[in-house]
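Worksheet for the structure shown next.
By written order: A, B and C. Residues from 1 in each chain.
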Amino acid sequence: MDYAAQTAVFLLAQFPKLSAGFLITLALSVATIPLALALGLVLLAPRMAKSALARGATMGYVDLMRNTPLLVQIYLIYFGLPVLGFFPSEFSCGVAGIALQHGAFLVETYRAGIEAVSDRQREAARALGMGRLKALRLVILPQALMRILGPLGNQLIVLIKDTSLVSAIGVMELTMTGKVIIERSAASAEIFVAVGLFYLVLTSVVGAAFRLVEHRVAERM
Amino acid sequence: MVVSAPMIDVRNLRKSYGTLEVLKDVTFGVGKGEVVVVLGPSGSGKSTLLRCINHLEDYEGGEIRIDGVTAGYKIGSNGRRAHSEAVNARLREQVGMVFQSFNLFPHRTALENVMMGPVHVRRVPRAEARELARGLLAKVGLAAKADQYPAKLSGGQQQRVAIARALAMQPKVMLFDEVTSALDPELVGEVLRVIRQLAQEGMTMIIVTHEIHFARDVADRIIFMDNGVIVEEGAPEHILANASSDRLRLFLRRFQGDYLAT
Amino acid sequence: MLPVLTGSLPYLLKGAVVTLTLSAAVVGLGTLLGVALGILATTRSRLAGSFVTGYIFVLRGIPVLVVMFLGYYAFPAFGLRVSAYAAVGLAQIVYVGAFVAEITRSAILAVPAGQIAAARSLGMRRAAILSQVILPQAARIAIPPLLNSALTAVKQTSYASVVGVWELTYAAREVVERTLAAFQIFLGVMAIYFLICYPLSLAARWSERRLAFAH
């Protein structure tokens, strides 16, 4: 029991540092999520365009992001931009890397949501005399949005977890903080249990929030 | 027709789903070789009754005996104790069931479906089981479809395979749970023909159905259930021609339109 | 043409071999662990069900990198001297196991209840129902997500470099820090990962199309 008490005291002492790291993790997430969502939207049109070139290019980009590790992409940005004369902060490099990867995944999520709205809905809208754009806005998009919520929530939770990777380029977010604490003090693996707990709380809250929204939206329909 | 001790003996059966009482003190018997048809509106408890008989569901009160042996529970002087799943499985070897949604195994051919029981329950050698299965498929008129997968078969064909599959276990009793309700009208006849043939061969059967003409043809006795209780019971000519309860009249009118007029 | 890349290629390819063996071990053992846990979760034992649910919940809510760090530091804490490679590999196996457990559990639950009723009504026991009815169908349902999970696991082996394990990404960063030829090396390494991952990606997509069968 002496061990438990000692560990508890130690972890509590680290709480301020861990909280600071947690805030950076939050900041990374808050900065990246809108960018990723926006990138996905921007890529949606070419992804579903009639032009085979547009579709091919977008699919190529998505495939590239899907089949290479995010860490290497972040390294490319972090080590590569200075060569070109740009010196963005580590934070920005992390945000850019994560947004570029998740934007690609989100295009597919958006696309799946739209295609899942059955063709019959489209036909029904057209039969009522709606033009393509109106049908899209009033019939297809609302339903697509509802279908997207689940996968979207999951994707954003993955994004939040991926922010841990920017510890590799020195950003003092939660994981890096844990690493620094363990290297500077006599601390042991327990610190990462605390780190894990912080992440767990964050992902659980986000997950629960999404499920709540899904529930409310489903009720409305 | 009816022999001394009933093949199926249901006494004071009570079953609830949570607070909803689905079967309220149901008592009846089915003799060996007898065909009993159960009619009733949805929610009357007919399917639940069947599922209690082969113990796919447990129940709160009452006793069910199959061929003299108490099923599902060991009932003693100081209450009852549930049988293990292994004992229940052995009970189900003797009670065949055919479902409304066929429930064929989609990853096996028709022949393999029929072989499933003998091979994996009775431990019959595969070659022997295959012969038995071929015979049964021929009996239901599907010898040519033995190597087809269920997805390639029509609803009526799938249901006949399901009947053959249940028969492969050589059960003492067959339970039919609305087996034609999910079929297109043109396909109903081929399934009813098989059931009629089984009745003629002397199989003890409980049939839950909406097909009232068929019920009159094949049943030795009709039971009408509503809201978890048996409302009327008797020979088909008697019940269908002179329905004494209002509920049965209403039911018949709904399902047969001008049946009462004929 | 691309002098730094071609010069470092032998070194990088050695890293690629390590990545491949690590990936194979993690995917193989992680999938086995996950399938076992997933099947365990569907037994009648409430204890087993709760354990697996908790296991899945915790591991899916934490970044894999944190699990790797935990693995790396946990062994010395217990006085065990394990190589970084083994410690981080084990951590990743535990992580992959959680995701595969969830996939397996969902696939088993997706087998229509009517078929289990039909199997029971034939007198089949639980073991036979599992092996003859449930698992063959659950396997078909599980294959696309399992392939995707394998793809993710391969990419995640690169994170082991952050914890100090030498593999392809670690080697790449070493070379870049020495030569500053970031574009050549990292793009080249991305190409190597692409070659490793793309077959898996294609297999996943193919399986999604082929194995979706209508009941």
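The working rule: a contact is a pair of C-beta atoms (placed from the backbone, for glycine too) under 8 Å apart; a residue touches a chain by one contact, two chains touch by 3 or more.
Note that the structure is a prediction, hence the values are computed from the model and not measured.
How is the touch graph of the chains shaped: line, ring, star, complete or other?
The chain contacts form an open line.
Farthest chain from subunit A, going by the mean of C-alpha atoms per chain?
Greatest centre separation from subunit A goes to chain B.
Using Cα averages as centroids, what's the distance between subunit A and subunit C in whole Å?
Each chain's C-alpha centroid was found; their separation is 20 Å.
Calculate how many whole Å lie between the centre of subunit A and the centre of subunit B, each centre taken as the average of the chain's C-alpha atoms.
Between these chains, centre-to-centre, one finds 54 Å.
Please report how many Å separate the Cα centroid of subunit B from that of subunit C, as a whole number.
Subunit B and subunit C have C-alpha centres separated by 47 Å.
Counting only residues that touch at least two other chains, what does the list for subunit A look like?
Where subunit A is concerned, no single residue meets two or more other chains.
Can you pull out the residues of subunit B that are in contact with at least two other chains?
Within subunit B, no residue touches at least two other chains.
Per the contact definition, I'd like the list of subunit A residues that touch subunit C in the complex.
My answer: residues 63-64, 66-73, 75-76, 79-80, 82-83, 157, 161-165, 167-168, 175, 178-179, 182, 188-189, 192-193, 195-196, 199-200, 203-204, 207.
For a test of understanding, state which residues of subunit C touch subunit B in their complex under the given definition.
Counting only subunit C, the residues touching subunit B are 112, 114-115, 117-126, 128, 132-133, 136-137, 140, 213-215.
In their shared complex, at which residues does subunit B touch subunit C?
Residues of subunit B touching subunit C: 54, 56, 85-86, 89-93, 95-97, 99, 101, 103-107, 116-117, 120-121, 151, 162, 165-166, 169.
Subunit A touches which residues of subunit C in the complex?
Touch residues, subunit C against subunit A: 58, 60-67, 69-70, 73-74, 76-77, 151, 155-156, 158-159, 161-162, 169, 172-173, 176, 180, 182-183, 186-187, 189-190, 193-194, 197-198, 201.
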